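Note that the chains are named A, B, C and D in the order they appear, and that numbering of residues resets to 1 at the start of each chain.
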Amino acid sequence: MSASRSDGTIRVGIVGGTGYTGAELLRLLAQHPAVQLVSITSRGMAGTAVDRLFPSLRGRVGLTFVEPAAAHLERCDAVFFATPHGVAMSQARELLASGVRIIDLAADFRLRDAAEFERWYKIPHACPELLAEAVYALPEAAREAIKRARLIAMPGCYPTSVLLGLLPLAKLQAERSGGSGRGHAGDPVVDWGGLIADCKSGVSGAGRKVEIEYLAGEVSENFRAYGLGGHRHHPEIEQQLQQAVGRPVRVTFVPHLVPMIRGIHATLYVRLQAAAGEDLQRLYERFYRDEPFVDVMPPGSHPDTRSVRGSNIARIALHRPAEDLAIVLVVEDNLVKGAAGQAVQAMNIAFGRPESEGLTHIPLLP
Amino acid sequence: MSASRSDGTIRVGIVGGTGYTGAELLRLLAQHPAVQLVSITSRGMAGTAVDRLFPSLRGRVGLTFVEPAAAHLERCDAVFFATPHGVAMSQARELLASGVRIIDLAADFRLRDAAEFERWYKIPHACPELLAEAVYALPEAAREAIKRARLIAMPGCYPTSVLLGLLPLAKLQAERSGGSGRGHAGDPVVDWGGLIADCKSGVSGAGRKVEIEYLAGEVSENFRAYGLGGHRHHPEIEQQLQQAVGRPVRVTFVPHLVPMIRGIHATLYVRLQAAAGEDLQRLYERFYRDEPFVDVMPPGSHPDTRSVRGSNIARIALHRPAEDLAIVLVVEDNLVKGAAGQAVQAMNIAFGRPESEGLTHIPLLP
Amino acid sequence: MSASRSDGTIRVGIVGGTGYTGAELLRLLAQHPAVQLVSITSRGMAGTAVDRLFPSLRGRVGLTFVEPAAAHLERCDAVFFATPHGVAMSQARELLASGVRIIDLAADFRLRDAAEFERWYKIPHACPELLAEAVYALPEAAREAIKRARLIAMPGCYPTSVLLGLLPLAKLQAERSGGSGRGHAGDPVVDWGGLIADCKSGVSGAGRKVEIEYLAGEVSENFRAYGLGGHRHHPEIEQQLQQAVGRPVRVTFVPHLVPMIRGIHATLYVRLQAAAGEDLQRLYERFYRDEPFVDVMPPGSHPDTRSVRGSNIARIALHRPAEDLAIVLVVEDNLVKGAAGQAVQAMNIAFGRPESEGLTHIPLLP
Amino acid sequence: MSASRSDGTIRVGIVGGTGYTGAELLRLLAQHPAVQLVSITSRGMAGTAVDRLFPSLRGRVGLTFVEPAAAHLERCDAVFFATPHGVAMSQARELLASGVRIIDLAADFRLRDAAEFERWYKIPHACPELLAEAVYALPEAAREAIKRARLIAMPGCYPTSVLLGLLPLAKLQAERSGGSGRGHAGDPVVDWGGLIADCKSGVSGAGRKVEIEYLAGEVSENFRAYGLGGHRHHPEIEQQLQQAVGRPVRVTFVPHLVPMIRGIHATLYVRLQAAAGEDLQRLYERFYRDEPFVDVMPPGSHPDTRSVRGSNIARIALHRPAEDLAIVLVVEDNLVKGAAGQAVQAMNIAFGRPESEGLTHIPLLP
């Protein structure tokens, strides 16, 4: 599997580009200097020009949706799945066999345990043997693995925000636990069993699903929590944190729907224990110093979601209302860093391109 | 057909109360002192408590949706149809025969001409013989007829705003045309063939329809015209104006979708001819002087839709940028004066109740 | 101080009615059958008709703003202060001396400790001797005291939501702590030092303040936390909880700004200890059984803010993701139950009127 | 005045970059490959880092606001004025004398007649002698003039939309009027005295002005017309149309405020006369064939404002409800094609850069 064609271009196919994630992928890829968009599939819209569905792409994307069978995806270098869960896994074996890199924006390859997948998604997994190989592609946590990956599972939008907000503490824990000679090596640096992630998302996070609860008349001028009975991003958050921390983790995760289109705001409550003496601001700044897409804001900041709108950046601010308590605020654009942008970032890494290529848009404010 | 029960109460049934118009009817009728809500039907939701669908009604509406067959609507004094078109006409004959007054918020009985109905609504009319009897129930134009009506056709939301904005001029025309001894008796007071109605509506005007174009992700932060190829409210506007004016009328009607829930704003452009010398402000104030729900604002006003939110009031402002041109601004809440509120107003009139009963809510601002 | 005039009417004055709280008071009081609005003051708007500022009140409120000096507030039975903090305390002594009941929607009399007031509001308190007498008028916690109160301090919008969400647990604690014979009498039923109140408010909570951060261009399509450095509602929440619980309480309170006009949603995280075995649903239902304005929803509910829009109702839902953790969701309309409506409720109680009088509006949905 | 520095870069200064137009200029110029941002002034914010005011620019714009006196704008190649009117004219003579090109986004140099300027803007013009030289820089109408211009007056946001919607007809008129041998040479192709421009704008069009009417609590969930007594964009529209058409023009211009941030939608009503036989779709397509930023959509289209959000594109659709009537729909992003983007486009033209350089962003949808 080569980095890219000899001329540096990456031939890209998209499966299921009629939703918001698909539209966003098209926006980003159409402006990416190394990408050649060769095919986009949709059962329902086959035969329709992409720019009829999304007039914002007029003059920029000349493709027409085609039936999956006619797409010749096996000739691509990379295929993005911007589909509901269950689609990528049905085509994965064949595409991998053709030497195609798969970048799945759905959930098929996020959970390492097929049983766990089946419990949350209510369908059997079509290729459990591939789960071990799949890379959970949060670049800030798995850059090296992405470079070698054939099967790239993009994190969910909520998990991206929660994980970015907790990774520096997870690493601190891992270092301390693994270290020796420091008296508190085994002490939990935070109360890993009592994490709270109060998350808020704009409505595009639900995709372009035609359900009554996402009508403008239902969403506008309204605010509510949802999913307290269990949200599919929950196991993914705990799985990844646990792996990073190296000990059991319990996250209370409550998502809320905000009457806006784009943006996720995570408010994370962390009880500090052995870490109580730490300078968290410094810890986070150091951890993210070289990251192109994570911005640790000055102390006292309140990042707003619009400050990242349309861009691949996540911004983090740290608060410390008491010695034993940290509040971590994280914002991202759920369609970019939370989905399509991060997928392009992973593609760049996997194909040896500059990591920021095609992802340098300045956020749209106001 | 009596005005109401001997104890003054009106027994009311609602057909199809799961949309926004239905929810609004429930809000108004549940607070109406003379109304007893006896039955509400829905095929899809039969067996569900109304307040499970609309938690805003918890503790206020104890009904459960029932199958139409189980509703015993024939025992009601009045039945409101808050359904898509085509439903009321299928039950009209039978209900009328049982002595029930029908108040249809859909379009079945708005157009006097069955062929015209069929042209616009693409289905045959089920009881064309009832069209002549039906009253187009804009109270400001047809109060006397409503008092005697069995079959009450509520105007569409857009037509209500356009007609209220033009009725005083239509009456001026009718008076002059019918009069004698005035030299310009037959002259058109305005260019009736060149009326322009540029209308803007919040998204609740589309109902609670589960269509992709009404998703929050499609409607928010967006503005567009629609229906330029022909909108079903168009023939209704021209029919009623023509009747009021007594001569052919052509209205160019362009609706637009506003990213908000409630409210219609009509901007009407009228070329003045024989009326050029008129004091329009006085004409409108006089015409609406005794109307409980039409407010002619002071000269120079710009009515905003929120100033009528949740109330049955329409506000009108007149502008005269040139001697030969009038601009009439009209605002209403499309779900109240444009639908459910006006239907309750018509019910009050038909049953001999005080016209404002149950309709005195002050608009919700902000 | 009599309950009301011999004819049952209450003569009401409003100080500072040009903000959103003032507009909402006007909406509610103008529809209140026992209230006679006699005077409304505003320095900046003196001489302007109220309905010029708020066209929604045309035909319903005939008052004109007057200079405070010309208002003769001493002739009123009740005076509402819908002002910034600092105004009510400057007029309190004089009005009380005239036998007027004061209902302050600002913060002047919420904190019992003048030093605490001065620390948070940065001005000296003008009448600290009145603080002991003032009643913190959350009806669900202080109904009896309100009946006898001359000086009524209305709770802040956020504190109302947080307190309603925690009062049943506070009472459980108080009962157990005070009780005898039960082995765990002194045990904390919840971790009172680890409460988290993640709150979200629409922008009307900031009032009609002309500040850049509340411009539509700043607020729309945006979400952010604020006030992590310290919010003025914080001491009020802890003071009242502490009093109800009877032991030290620490609440981590994080407010967020939602791009909508009305509504507060509180997400409360409570670690259960001795209460872990309790049936919380039953506890809350029992506690609020006779309350006219608090609705405990069925298990599994996600109350949305629009389900209370424009009404004085608060809705509560309980979740229990783990044996030792409760999540309490509370919604209210910040301008009604969180401000003007609760103030009218307190007035009703204080003047011996039916508690729901003038407050029976059904929420406006959608 | 050279096209640009020998290395191709353009040294740019911005006066008054704290509003929305300034923020948008910064977004575009910071991504422009040929631009070197050297200075940005603000009296109120001098000393503050630009990215503290606009966190969206963190890591992308390293400038700090400086006092005008300290900006050394005379060393720039181009200076953009993103100020209220009155500022550019006070500095124009001096800057021009230093060889700097001025690109004014305010109104100082839009009107050719100083008396007209003074009538609308209520201040005397500081350099009326420069008005004749100033170029009204709508590229689609004045590309050649812009190439030679020192003093570039950017069109207002509304005028841009109205003019783009009417230019093809204006040109048709000019050709026919100037032509010979065609019988109807002098006939008006449309009723130039009866044009109607019903325009709708998002709230960012009002800038970042701290006025009560632009608060989120006032703008959200509301729609209203404004400025019927006279809007400053009105004379500009008529001046430019008149010049293009070569005969008197009367436009009835009614702006409306839409509860959204970005976007203008113009609905133009044109009575066709000698042009009644024309194929307008073809006329417009031909006129705009080579324009990089004007997209004539297929017949029957309803362009939505979001389809151009964040981009410099305007989209136009033509409707013909009757032989003698055309309705032209135009959408643009008021901050881009209506302000900052068009200014960069003009800069590109003036400095001999590729016209689309730095302006190729694909619209952000949703």
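The criterion applied here is as follows: a contact is a pair of C-beta atoms (placed from the backbone, for glycine too) under 8 Å apart; a residue touches a chain by one contact, two chains touch by 3 or more.
Quick caveat: nothing in here was measured; it's all calculated off a predicted structure.
*Asks:* When you check each chain against subunit C and subunit D, which touch both of them?
*Replies:* Under the touch definition, subunit C and subunit D have A, B as mutual neighbours.
*Asks:* Taking each chain's centre as the mean of its CA atoms, which one is farthest from the centre of subunit D?
*Replies:* Of all chains, C has its centre farthest from that of subunit D.
*Asks:* Does A-B or B-D have the larger number of C-beta pairs in contact?
*Replies:* If we tally the contacting C-beta pairs, B-D comes out ahead.
*Asks:* Would you mind pulling out the distance in Å between where the CA atoms of subunit B average out and where those of subunit D do?
*Replies:* Their C-alpha centroids are separated by 40 Å.
*Asks:* Could you grab the centroid distance between subunit A and subunit B? Build each centroid from C-alpha atoms only and quote it in angstrom.
*Replies:* 48
*Asks:* What are the residue numbers in subunit C that touch two or more other chains?
*Replies:* 20, 204, 217-218, 220-221, 259-262, 303-304, 306, 309, 366
*Asks:* Give the list of subunit D residues in touch with subunit C in this complex.
*Replies:* My answer: residues 20, 203-204, 206, 208, 210-212, 214-221, 259-261.
*Asks:* Which residues, counting only subunit A, touch subunit D once they are in their complex?
*Replies:* 20, 23, 27, 30-31, 54-60, 204, 220-221, 261-262, 295, 297, 301, 303-304, 306-311, 315, 360-366
*Asks:* Can you name the residues of subunit D that touch subunit B in the complex?
*Replies:* 194, 196, 198, 200, 202, 217-218, 220-226, 228-229, 250, 252, 254, 256, 258-263, 265, 267, 269, 271, 300, 302-306, 309, 319, 321-322, 325, 327, 329, 331, 366
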